[in-house]
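Each chain gets a letter, A, B, C, D, E and F, in the order it is written, and its residues are counted from 1.
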Amino acid sequence: MSITEQRPIISKLEKQELYRLLAEGKRVDGRGLLQYRNLNVQLNYIEKAEGSALVELGNTKILAAVKVGVALPFADTPNEGILIVNAELVPLASPVFEPGPPSEESISLARYVDRSIRESKAVDLSSLCIIPGRSVYSLYVDLYILDYDGNLIDASVIASVNALGTTKLPKYSVEGQSIKKLDEYFKLELKDLPVSITYAFFGDKYVVDPCLNEEYASDFTISMTVKSDDRFCAIQKNGGGMISPRGFLELLDKSIALGKELRSIAYSKLSGNG
Amino acid sequence: MSITEQRPIISKLEKQELYRLLAEGKRVDGRGLLQYRNLNVQLNYIEKAEGSALVELGNTKILAAVKVGVALPFADTPNEGILIVNAELVPLASPVFEPGPPSEESISLARYVDRSIRESKAVDLSSLCIIPGRSVYSLYVDLYILDYDGNLIDASVIASVNALGTTKLPKYSVEGQSIKKLDEYFKLELKDLPVSITYAFFGDKYVVDPCLNEEYASDFTISMTVKSDDRFCAIQKNGGGMISPRGFLELLDKSIALGKELRSIAYSKLSGNG
Amino acid sequence: MSITEQRPIISKLEKQELYRLLAEGKRVDGRGLLQYRNLNVQLNYIEKAEGSALVELGNTKILAAVKVGVALPFADTPNEGILIVNAELVPLASPVFEPGPPSEESISLARYVDRSIRESKAVDLSSLCIIPGRSVYSLYVDLYILDYDGNLIDASVIASVNALGTTKLPKYSVEGQSIKKLDEYFKLELKDLPVSITYAFFGDKYVVDPCLNEEYASDFTISMTVKSDDRFCAIQKNGGGMISPRGFLELLDKSIALGKELRSIAYSKLSGNG
Amino acid sequence: MSEKISLFKEDGRRLDDRAPDELRPIKIKVGVLSNAQGSAYIEQGKNKILAAVYGPKEALPKHISLPDRCILRCRYHMAPFSTPERKSPAPSRREIELSMVIRNALEPLVMTSLFPRTVIDIFIEVLQADGGTRCAGLTAAVLALADAGIPLKGLTAACAVGKADGKVIVDLNDLEDKYGEADMPIAYNPTLDGITLLQMDGIMSKEEIEQALSLAITATQKIHKMQVEALKERFSVPRREG
Amino acid sequence: MSEKISLFKEDGRRLDDRAPDELRPIKIKVGVLSNAQGSAYIEQGKNKILAAVYGPKEALPKHISLPDRCILRCRYHMAPFSTPERKSPAPSRREIELSMVIRNALEPLVMTSLFPRTVIDIFIEVLQADGGTRCAGLTAAVLALADAGIPLKGLTAACAVGKADGKVIVDLNDLEDKYGEADMPIAYNPTLDGITLLQMDGIMSKEEIEQALSLAITATQKIHKMQVEALKERFSVPRREG
Amino acid sequence: MSEKISLFKEDGRRLDDRAPDELRPIKIKVGVLSNAQGSAYIEQGKNKILAAVYGPKEALPKHISLPDRCILRCRYHMAPFSTPERKSPAPSRREIELSMVIRNALEPLVMTSLFPRTVIDIFIEVLQADGGTRCAGLTAAVLALADAGIPLKGLTAACAVGKADGKVIVDLNDLEDKYGEADMPIAYNPTLDGITLLQMDGIMSKEEIEQALSLAITATQKIHKMQVEALKERFSVPRREG
């Protein structure tokens, strides 16, 4: 059962102040309405994983790591590797996260990131086949939220793509139907660098990259993942409220522009990572 | 832990009225004590399943569907197909059903239906072997309770047998130890047409096919499944209360007579179903 | 989440009395501070299991049984049999045990017993290989707590080792890569007879083999498993409180002495068991 | 979206003979269950979906209740036999996500402040699935709410749009969903001119999204009319028979 | 009930040398556990079963309590080592069903209205299983209730009857349960002339059921006497020893 | 502890070039998370571990609270990517046990009677594991408690000692843990001269345990100093920048 969430109360004064500022085109932390927070990316944070990245977007802090294995392919895609995205909202990160089985929020986050990577074809799954129908690489992308200050979606996409971009896979030699792990590695090549752009809506105003207080005060959010070629590969409205068709279409151009900008910052370290 | 159930309170007045009527040999809905409600059967309701039937018994509404697969046989029955019965008391059907893992009520229902089918040998499991010890047909009978107005057991047996009676199985060709699905189908042949007869007891009175209010007001129920040859293949007392041995034996003849009658109505559409 | 346990309240008077007695070197049940309760061992209690023992330590009553199977070995130990210890704190044994998935107490108990057996090498796992990398014996040791009056750990180690000491394994003939069960059996040979010694601490006093009231009144307990050669193979502090290094070291000699004594009683029936 | 199969016939029509902007046949019936406060049944193509509503009723345990409005609980669930391979009855990650997006789409529709401290339960059971189940389920759930007499700010209808073989299309069936290039489920309330459910999966350019959205609005307006008709039928004075 | 194996010897006796209407050896002991308010142990053939009772005690959480009587909670559980293949300790569907039918059989026995708003917990642990465990467990649970001092309307005893190789038999063992033609567990209270547990599985004609029921009544009356004996032994004044 | 591999080099040093009584490089930082009331991060060898503290706060549900003191809840958890093979995020039996022994080690440290009826939550997340995670996690958790301003009876530091290739060693790394002969994790509070966590696994004689304990006390005293330093750094007046 999905149940109306009980958002932590942010004081009425805080909310009024937030709206007052928005009416003037300003935000509580001094940012412009369409300005992202500082973004910091640290590659290969977990040396023992095959790929990893620690991403800080303002105070939001997310660790993504990739574990590589060998698995039986799915019956309907015998020539394709397996990609699984999982997100853990560990209780260390926020008083609103609780230990236990994945919440709908963590499932929805993981599924959105999965769609962003899968549909953008950032990872060419057909290049991850070892023996068709028998042995393929499996990539487990685990997202670990360490500190929660809003906009998990955009930060998670950036963390996942960076972690995949640093991933090294062991080579296998094939003898008949059996495989043998070699002591050589090859780099996973990314075919696209998708970024997600998230907007939070307040009446007729909206901002990009909401911090937690903005998320709590907002009516709903919309996230859009843009590929390197400016096409879209995932969209998701989260929360109640409604948007007019015109309001929605207006976001498309904005996302393309913001996407270009964010992409150049978010993945700047990947080129240097060998 | 099985725990004393908290039955929804039906008003004292309602209950008194029900007992007053029973003392006169009458029921709240005007039926005779040993009279079933209207029965309506719709075959092949779910086109995408291999077999299905929608059964309405008064306001009780149950959908049964059969999914056919191929599986490894159980180790102790290498030459037999697999039959599994599952019942879902979905919360859409009643305010007393809750989402979550199967309740003891749904488990007990599924197990009774399973016994009724298995022990009557309505389905010849030995005819469902493809390669002994290796590949057999599996029949998953899923019961979906859509509207709950009492007597789930009798309606579920009727729905399951009708669903099995409409089931078409894909043929497989065998080459050595591997099998290949063909584009041909064959009908599952039923060897028996079991029906369950359920009685609800009120002091020294009883009725057949109790509606929900009768179930709530009753001391307990007894269900008996009768085969086409008038022998019994499953019996179950549900709820507290007790019955005298004489009282129990009295039911046997009644069940045989009622069984003949119900069987002719319940499965009348099966003969026409090709 | 591990959570501060709420111990059943034992009356203040009872606790005072217990401390008063301890100050005089006495215990509530008249035992000496380092005296075990009566120990009673009954071998082969469950005839249908491959090995079993019922142990009574005062009013604490534990049944251990061994089920033998054949399984795939773990990838990193292809030549070793599999040993699994499981403990069930069934609610029949105590008002503080609840039905449901294993509690942290039962997990911790099973893991301690597992370490005591595994690290002492009482069972030579390498003797339990049938076909390397393919078929090995699996030994499932199930501990069933039937009556709970403190010191589960020591009684569980004794019950498990006795159950293993009575275990008979079916022989298998190997033909190529497949095995066939024969109608012959061989006895599992024990290479060591570990015993655990448990102390409960009250301020600067301590006793051995605490009964339940002593456990509840104590600050914490320490258990130590001693091998036949007087070396230690498992230690565990349970509960809050703290012990000085000197206090801890003092226990080592005591445990060696008590271990010798307890071992000779605990496993006396094993030699006669053929 | 793996193999290459053609989703259009030579005459430019879809495999089930529809034009790109054509809905599948839709059959809606309101008030189909006896126990639920409100219920509705929808067939859209081969989709067969039931929705039921219980409430408003006391919110238990109390700590889930809100002092100023009612809360919604929503469960989107697929019957084990609704899919080609039997599905486990336990909720999948997909069902958990869809329960949430459907609830989100219903929140702005219900006049929740009328019923403080209560809960409304919404159950959607997919009996047979044929693509677009979340949208058809939502269309039915809205009617079940109306049937339960719960005050709504108008009716919301939902329909997926998307892209197959390079063409923008409406109301994707199972095949088009699986082998097409994009799927964009949309719920739209014509009274309020508001989109309440919006997801997209697959690849579309800005222009294609604009075109698809326009198709979605026309489609949901058509479905909205059928919703109104179904409610009228439900609440029309029954004629004396015979 | 699959393969064909003969369950009778040439002399007309069963494989364990019993006559068709003969019970297995039964050993009952009441008051065997120290923590439980009441307890009992039964051996019937190779069955070894413990039952324990806790309560009446406050029903928590409160919403499960009833204002006019106590509620019963019952758990029938099999030890992992009780069966030929190790059984997972998590409750199986069979154990869940049997917990319910045993609770149903105990409800009419306990004077529940004496203890409003309380709960009585009944635990049955099958340590070794040899056919007829639900019946033997119930026989023991009744004694555990009596041992706990809970007012009962008499004692209920239980025993399975059934059919094997065409003959009606009493107290089926594991083999007869598995390879026989029918199994009918029955709990009967001779004081009240009432059947409180009744199930049947397998195939029997009306006449066979009549005959089996008659055997069941005789058998449960015998077990009832053993129950009375076991209680007497429990409550007899212990002689001064030595 | 299965295969035979040598854990010492010819020069008598360990494979990572340490002396038997030498700690791995340790890096500690207090106050690293913005939401938690207190937090700390530790690197010890390749271990990377975060600890966070929330509370004291109202204990809910109320029945878990204690009238005379606060309760502690503790979760030791390993990230799925922290181990060579991916670990399921669901808590393993090992994680459940370690959560308990860490909580037990913290109970005597916290002045719980200052906060009756409340709860303090302690979360330890192992991001990368390299042997000795329970000890390093505990060392960090103590600092997170201090950072949260919770009154403590001094600081507790933890370190494993053990035995490899017949030699007693301190601060075992992953290899030594796996292929060594014994592992004895110890938490020691030098202020109170008290051991609060004590486990042992493997084989050691009385003399070896004595020697190991002595190493553990020296090691934890060193770590205790680093804890104090890390707290000082956290609470030092920040210099005016620029």
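Just a few scattered comments:
By our rule, a residue touches a chain if its C-beta (ideal position, glycine included) is under 8 Å from a C-beta of that chain, and two chains touch if they have at least 3 such contacts.
In this text, all values refer to a predicted model and were calculated from it rather than measured experimentally.
Any chain bridging subunit C and subunit D, meaning touching each of them, is missing here; the list is empty.
Among the remaining chains, B is positioned farthest from subunit F, on the basis of C-alpha centroids. Of all chains, A has its CA centroid at the greatest distance from the CA centroid of subunit E. Work out the mean CA point of subunit C and of subunit F, and you get 27 Å between them. Between the Cα centres of subunit B and subunit F there is a gap of 58 Å.
For the pair subunit E and subunit F, the distance between mean C-alpha positions equals 52 Å. Averaged Cα coordinates give subunit A a centre that lies 48 Å from the centre of subunit C.
Touching of two or more other chains is recorded for residues 1, 99 of subunit A. Shared contact sites, meaning residues of subunit D that touch two or more other chains, fall at 75, 121. If touching chains are joined by edges, the resulting network of the protein chains shown is one closed cycle, each chain touching exactly two neighbours. Each chain touches its two ring neighbours, and walking from subunit A in the direction of subunit D yields A, D, B, E, C, F. Within the complex formed with subunit C, the subunit E residues making contact are 33-36, 39, 46, 48, 50-52, 54, 75, 77, 79-86, 89-90, 121, 123, 125, 127-130.
Listing the residues of subunit D that touch subunit A in their complex gives 2, 64, 66, 71-75, 93-94, 96-97, 99-104, 107-108, 121, 184, 188-189, 192-206, 209-210, 213, 217. Against subunit F, the residues of subunit C that register as touching in their complex are 1-4, 6, 76-77, 80, 102, 104, 107-108, 110-111, 115, 119-120, 220, 222, 227, 230-245, 248-249, 252-253, 256.
Considering their complex, residues 46-49, 52, 59, 61, 63, 65-67, 69, 86, 88, 90-95, 99, 101, 140, 142, 144, 146-149 of subunit A touch subunit F.
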